[in-house]
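The structures considered in this document are given below.
Both complexes below contain chain A, partnered by chain B and then by chain C.
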Partner chain A sequence: MVERINPFHDLYLTEAIGPDSFVKLFSPIFMSQGLALYQPGNVILKGLQGSGKTMLLNLLKPETHIAYYKQKVEFPVPKAYRKFISAGINLRKSGIAEFAQLILPDAEAQDIKENALYFGDFVNYWVVDDLIRSIETVIDLNDDDFASEIGISIDKTLLNKFAHKLSDSLCWLGGLEEVESIESLKAQLRDRILNYRNYINLNIDSLPDKIKRTKTVIGEPISQAADLMREVGLIQKETNVFIRIDQYEELPTLDFSETDFGLLCQQIIHKALSSRSDSVSYRIGTRQYAWPSEPVIFSTTGILELKRDYSVVNIDDKLRRSENRSTWLFPYLVEDVFTRRLQLTDYKFYKKGKSVLTDAFGSSMTAKLKAEHLVINEKSRVNILKFDPEWPSEWNDYLKKLSIVDPMSAKLGEAWARQKDIKKRNIVFNPPKEDSLPWNKVYWKKERAEQALTQIASRNKQQLIWQGKDDIVGLSGGNILIFLFICQHIWDSWLRDTRGNNEVNSEILSPIRSEVQTLGILNASEEWQKKPIEGKQSKKRFSVIQQLGERYYKLLIDDLAMSYPGRNGFSIASYDLNRNKIVKDYLKLAVDYGDLQAIAHTSKSKGEKRRKFYLAPILCPAFRISYKHTKEPEYIKSSLIETMLNNNRNSTQVNSSLKNTLNNKSELTQQQEELNFTDKPE
Partner chain B sequence: MSDYIENKVRKWGDRKCRETNLRLEYLEKKLFSSYKICLPPQPDFWARIQKWIENANGNEDLEKELFNSINEIFYIGPDEFDELFRRAYNGPIARWLIDLYDIDVTNIKTAKEALIEEVKHTLFCPISDSFNINHFYHINNIPGEADIRPEWRTLEMLGDQQQIRNLFNNNQIRNIVLLEDFVGGGSQASDSLIFANNFSDVVSILYVPLIICPEGLVNTEKLSQRLGFLFEPVLPLSVDMFVQKATFHNEPKQMDDLRTLANKTYLTVSNGQAPGARNPVDGRFLKPYYPLGWDQTGGLVVMHTNTPDNTLPMFHFKSVRWEPIFPRHSRNE
Partner chain C sequence: MLTDNFRPWGRFDWLSQKLNIREWSVLGCLGTEERFSQAISLIKNEFVINHSLYVDVIDKGKDFLEESRKIKAHHKQKLEGILGVQPNVSLMNLLDSPVILKRVVNKFIEDSNGKVIIDISCFPKRFFFPILKILYNSDKVEELIAAYTVPDGYHEGELAENPLPWSHIPMFHSSATLPLNIEKAIIGVGFLPFGLPSLLKDDYSKAELSLLFPFPPGPPNYQRTWDFVREINKFYPLTDSHQILRIDVKDVSGCYNHLTNITSNGKVPSILAPYGPKTQSLAMALFAIKHDCDVYYTQPEQYHPNYSYGVKMCNGNPEVYLYCLKIDNTKLY
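Right, the complex of A and B next:
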């Protein structure tokens, strides 16, 4: 039997593959949203971990463009924007972090600043060397058509002319000897880089005096190199030079021993962006949390100005679902990514529909169908109901009968009879006919279907069902890494389920069974839940997520009347948030790390501004709550989150405190009303 | 047809079981598939785990307990043994020779040469045949000039003392390293160590168990002080890695759970034989001895070569009514 592989085993495949495989795996779907990356001007490319930043930046590399050209695949960048060359540095892979290791705990501020300047000098030399390598890559292709498309000359003799002029430039502050050939220039650049690498690896005791005396100003040699390339005719005047600086989030982590080294390195990068020169444009790839709200420029009090000094492309915002589903890009992206991954394997589908995702996972069941699958036999169907002691037996029997044929409807009927409105409550004395069930009103039912499912599963001590394309896309929350993570776990679950089954070879009996998908998704959710252990304030973030998840599960299952079906998220008034810095900072961090999703919304109180927050959808299965947002979330004060932050999580304590609250229904209602009453806009 | 375990995990609907399932999937690939007693054509891990769960006879709570209990096993695979071999050679043995012959370690090159010279006069001798001495030689690239690799217990039984002295003399042996892969209470090795001590006038003796249980550590230390040989284990196991006979304050919950599970399944494991039962003829304890294994040790160790009998018998003892997850190969069934 051929060993079956998981096509999603490597989540970060596109970061590790060569240009040829890149062409097969890169999805051009996002391109329309990221065109700013291919136009002049500095761009900060923000995104959560694994959102595709590196992949988008790698598209700028000449070897990627050449791979498309050689394979005769249309390059995803529109023709109008193809005149560019790029160079760059990956702050993680280039060993920049090791600069920080040179700083002793008792280092003076001046020493730390000097090390930051070495960092800037290193970046200059690295990037100029990479820029020359990029040009040579194009020249080596020796293809006039390609070179003219990107606006580059393939006349090799120009390289020496360029080398002479660049080596003679004042931007090096005496750091380079004047040379006549490109080889000599490259040798000098690489010698400097080598010296730095030897120094940070402690192979030499100190940097050569010449380096100490000739530290360059960040960005200057890079701009100079680009200008001279244009001057000698290596690149055309209108050819853009893009400088990629990836993994910027590495820099804040360099603040070892409570020094500001990482901060200074960030400021060095900001300085490069502050030059407002037309020579080059920077592309900074960073995770959300790392880019400061006020990017200070090194050795100044000035800050970079949004729109003027840089613009932002936020991948997460572009891919998150908006109100209008038809313009939502993410489902198209994941469909394409999924198809491309499978094309690298031998998996085939018996059924071939329009959507490969649907072929593999099927359509998501309706809530009604999920309820029927959750409770299969008569006994368990009746068991989903909880009867009020004051209800007449006729009504109880009515619900029991209904539960056997339609458990979802019976559960909604139970909730209807628990509503505050006396007219609704009186239904217990006059059960409706099957064709005129009042709880079948479209919106009333739709808004409560997910809560009903949670309660049905809870009554039978079961897990919710998670399956089908819509669930998988919804749980991914607009994050491609999470989508791949879910697929990886479903595939693993399927591989385990068919372990030792010789009939299943490298083909897949599509769609994968829903119970197999549910287990895979639960595994993914529970694994993802452990992820906040990484990063800033990890323990607190983990603790708050736990408390929120448990809180919403309890609130949803104990609200038998289904009066608050939207309680899988919370809403805080903006004025409250603005005066509670601890909670505001925490919420920003939690959103930047992807633990929570933030959405602005209109308050129930006229004129009031509020922000609502939901757990990242992927976390919901682990807490047995729905990822879908319906009706109003829980209105809370920031102090509740502050209490959670101060609570060293002890699940027993959390549960018991919540239990006390829930045991007193009137208190809960009072709390809600009180919040509405006191939450006045400033 | 769906896999038995996957079906069970789905049916149980329990987060801990799901996490165990993922862990076992990983450990099976990395470790459990190396269990020598069950290499093909014996049933593989997944076939054994099915029978392991079927021990519960459909009692769902017991099924889950059995499934999750595998998490607590301390499995030592071939890679881990290789590392223990290396640690033994580069740690206790090298230190002992350096001290013994006052080797100057300030000059690495000459120190290494001097060490190798002493190794040529050292007999590496396993106490029992469970220790793979050839592999120990290979992994450490030990020069094998004296091409003799006897097992000490066999020497003890077959050779007379004069012949052993001749062996040392003819091969210029002046150091003996006695090796053992696993030591429980230390009683099995003590006779061999006492016998070895007869030669302390002509050879220096070092005893290196790779893994040793707390009781074995205490007993062997006492013996080494009494007889005067040197003793340094590579991996002494701490008391908290064993299930104790009775619960105690702050005991980890999983240990309490394991004790309860071992006790409640014991009569099924032993096919009705009471704990501590003895053979009426010779008075020897009958296997599997106790719910917590031989001498009520409460061990959780499984080695890729075999499972010690002081590990909980539910994990290794096969009876008419019980299928173990890591069946033990026993010399005297």
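Right, the complex of A and C next:
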């Protein structure tokens, strides 16, 4: 009997594990899109939380490369790009951000600048120390073949030669004493770091004079160290040196005292990227919102130029679905990630088809089938209909009969009879034959199927059905963390559902019942909603999301004619947005944090430029609205969003409102009963 | 549990009788919570107040600013009534540099008689951690007692809003120059795990998690503290029930001993994240001071003015606790 665990319980497994397990879990599917990371040139790696930035950066670490080598697993970086060594700094963990705490509100501009220079000096010392550590990691492995693959010498004596030359370099501006051994060099580097730590902790009132007099220029000692490593033969001429800078998004948040300190620190990092030297290449990991549109270089009016000074790898863009589904990478990535997770457990699973995801979750039902599952008995099927008082009883009876056979078709028929077009409305006097239903036109039906489901579920006070591979992939919205989050919740529901059932203890019930999947996905959606309370303007962002979700649910169920089936998103004219800075800034923030997804689109009005916005797909189940985008979204003015921003409801109000929307807990309980949650699986 | 030091603590009415020193300097927070004045009121009745300083912390967020201003104006009058003189109030912004705080506290120490009671009840952690460190490490402070007033209850809605990203609490950054292989992440369980999963994910995913669970939490706190645990568990699964340590919320010394035990007397490299009750955070602060640990927090930009209400009573007496931290210049922790 297998241990009944949830393979997705640890969402961040790929970061929590050591290099050895990393080899088993890392999916190389994205590599083709991120090759720039392993080639010369500065790269800004952008992505939402959990998009996989750290994983990609971790591949640069020598420990990871060594793990692949030891396990004789092909390193996912193509052979042509394997000659590299890397070093890095995590801006939060290193404590460097704490410089901001020392700035007084009345500080002169010069003092603030001075602190920014200390920030740069700290980065230099830290990264050079880390670079030495990386080289030592490879040397300690003592394997000629591996060293040769990455272009590094394992001759330890070269370290001392390098240490002597580096300590003697002018780049330190007198900050280092000349040394003969690598140990002495490291001691000096760490002494400087210790001084900074003591200063940050207010253990000393000011930095030693020597540090004040010898602040280094950002990037220079790092480049110098790389050059000297090449000069003494520690690394080969063609071996790239990559410098990882993690948590760049920390910097804009450092302006505690309403100063520009955070901005200056960003500019310091930009300065390192501006050197255009071939010695080293930087890798900056950042969330979307932090990288400025015009990255100013410290102490200059110059701006880093895209393509010339740096390139961007935007994970979110690469994984989000484009118009052409066949080129969409995300389904392949999640398939691989899912399989790797299961392979690490004792679960057996049958790979019946090509997709393990389909084996586990099945295919998503069609809207027609979902409707039939939503309303099972005759009474509830008839109940989905709402009759107009002016309709003749023959038409009402016609719809009732149809609803018993095909609830989706009956609901669409009801909507058809409510259309503005008099010809369509007149159908109530002449019901069509079953084989020639006018609402069965492919696009008319397709565009309204999701809205019809929302209305059917609403009429019966039920949740929508969410299940199958397509729903799970679609709700993930191109974010691997959300995908794992959904899987985690489905698996939890499945474990509860099958508790005590010995037959399913030895293998996955394949596929998991759709009722169980629905419950898991609903839980995931409701839990994910709580996440926006973190980050910038979290209170407002949380409030607007709630208002939007509730608005679209209401619009979709009140629109009985289904004239506006695309109203699960909104569109704002670009000119309107450009003149409303508050709303523009908010929307940018909401998109950068992943609360909303933004898409450019063609307006109904000729020549007009607009942008449309949708809730992140994972948020939709909790609001009982579809994540699929169809037809035109709601056209609104920016002032509506501004009103929502000003309507700053707190989460208590929102929660109670949400509960009302969901018809309080008794309905949820009812829903669980309807899902037959306590039943044994078939 | 027997330890090297006997660390006296207990209810105010009991412990205050045992103290030989009858003249104290008091450092507190002029907050919006009703409990802010309970300890000073008892201190004034029982002892001579040699010197006092109240810090008025202004939130960065503006939503409750006006409401807070009005409450604090009223509280200042109340404080004046208790002290019988115009209170000595120092105005500071929530996110002000710790350099300013250090100056204020050093001046307080200079003006004090070296016998200090710090009332931690209403101080944000961003303030009481550094204040405690300065007082605890100052040779001029010979006697140091922490006072804590238990509120009758907490606001039902959000207690704090708009958390900033993860950062060290000022002055609580390990001085290690090499990246430590952190083996333990010790979390004080509270109501709001702002950003905690992201800290564990980003930086300390390999560390073993220990949750200090306030016990007994009592309704309605019970639900909120378990929600906190659930939230952590979602992103950072708890694999062993021993990872949840039930800690008597009032027993600072006991909590400190637990910290000592699970870290092999501070030898296991650890980080701390104090989200729990103040008394638990007090133990964590003292542990971090002694063992040079990183202490992380996601500082909210604003606190609800009715963060807590009332003062809890027991047998007709307000529940105010005193914790001796230094006696005759001897550190007890």
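Keep in mind that, in the parts below, the second predicted complex is superposed on the first by the 620 of 682 C-alpha atoms of A that agree within 3 Å, B and C clash if a C-alpha of one lies under 4 Å from a C-alpha of the other, contacts with A are read in each partner's own complex, and residues count from 1 in each chain.
Basically, contacts are C-beta pairs under 8 Å (C-beta built on N, C-alpha and C of every residue); 3 or more make two chains touch, one makes a residue touch a chain.
Since the model is a prediction, treat every value here as computed from it, not as a measurement.
After superposition onto chain A, partners chain B and chain C are found to clash with each other.
Of the two partner chains, chain C is the only one touched by A:201; chain B is not. Of the two partner chains placed by the overlay, only chain C lies in contact with A:102; chain B stays clear of it. Residue contacts after overlaying the shared chain place A:526 against chain B, while chain C stays out of touching range.
After overlaying the two complexes on the shared chain, residue contacts for A:376 are found with neither chain B nor chain C.
When the two structures are aligned on the shared chain, A:515 is found in touch with chain B, with no touch to chain C. Applying the stated contact rule after C-alpha superposition, one finds that A:461 touches chain B and leaves chain C untouched. Comparing chain B with chain C, more residues of chain A are touched by C.
Among 93-101, 147-155 or 183-191, the region of chain B with C-alpha atoms clashing against chain C is 93-101. Annotation: chain A residues 527 touch chain B in one complex and chain C in the other.
Residues 461-463, 492-493, 496-501, 515-516, 518-519, 522-523, 526-527, 622 of chain A are the ones that touch chain B when the two sit in their complex. On chain B, the positions that touch chain A within their shared complex are 1-3, 5-6, 9-10, 13, 15, 18-19, 21-22, 25, 46. Residues 63, 93, 95-100, 102, 130, 156-158, 161-168, 170-179, 194-195, 198, 200-203, 205-206, 231, 234-237, 294, 298 of chain C touch chain A in their complex. Interface of chain A with chain C (complex): residues 6, 9-12, 15-18, 49-50, 54, 90, 92-95, 97-98, 101-105, 190-191, 193-194, 197-198, 200-203, 246-247, 249-250, 253, 256-257, 488, 527, 530, 533-539, 648, 650-652.
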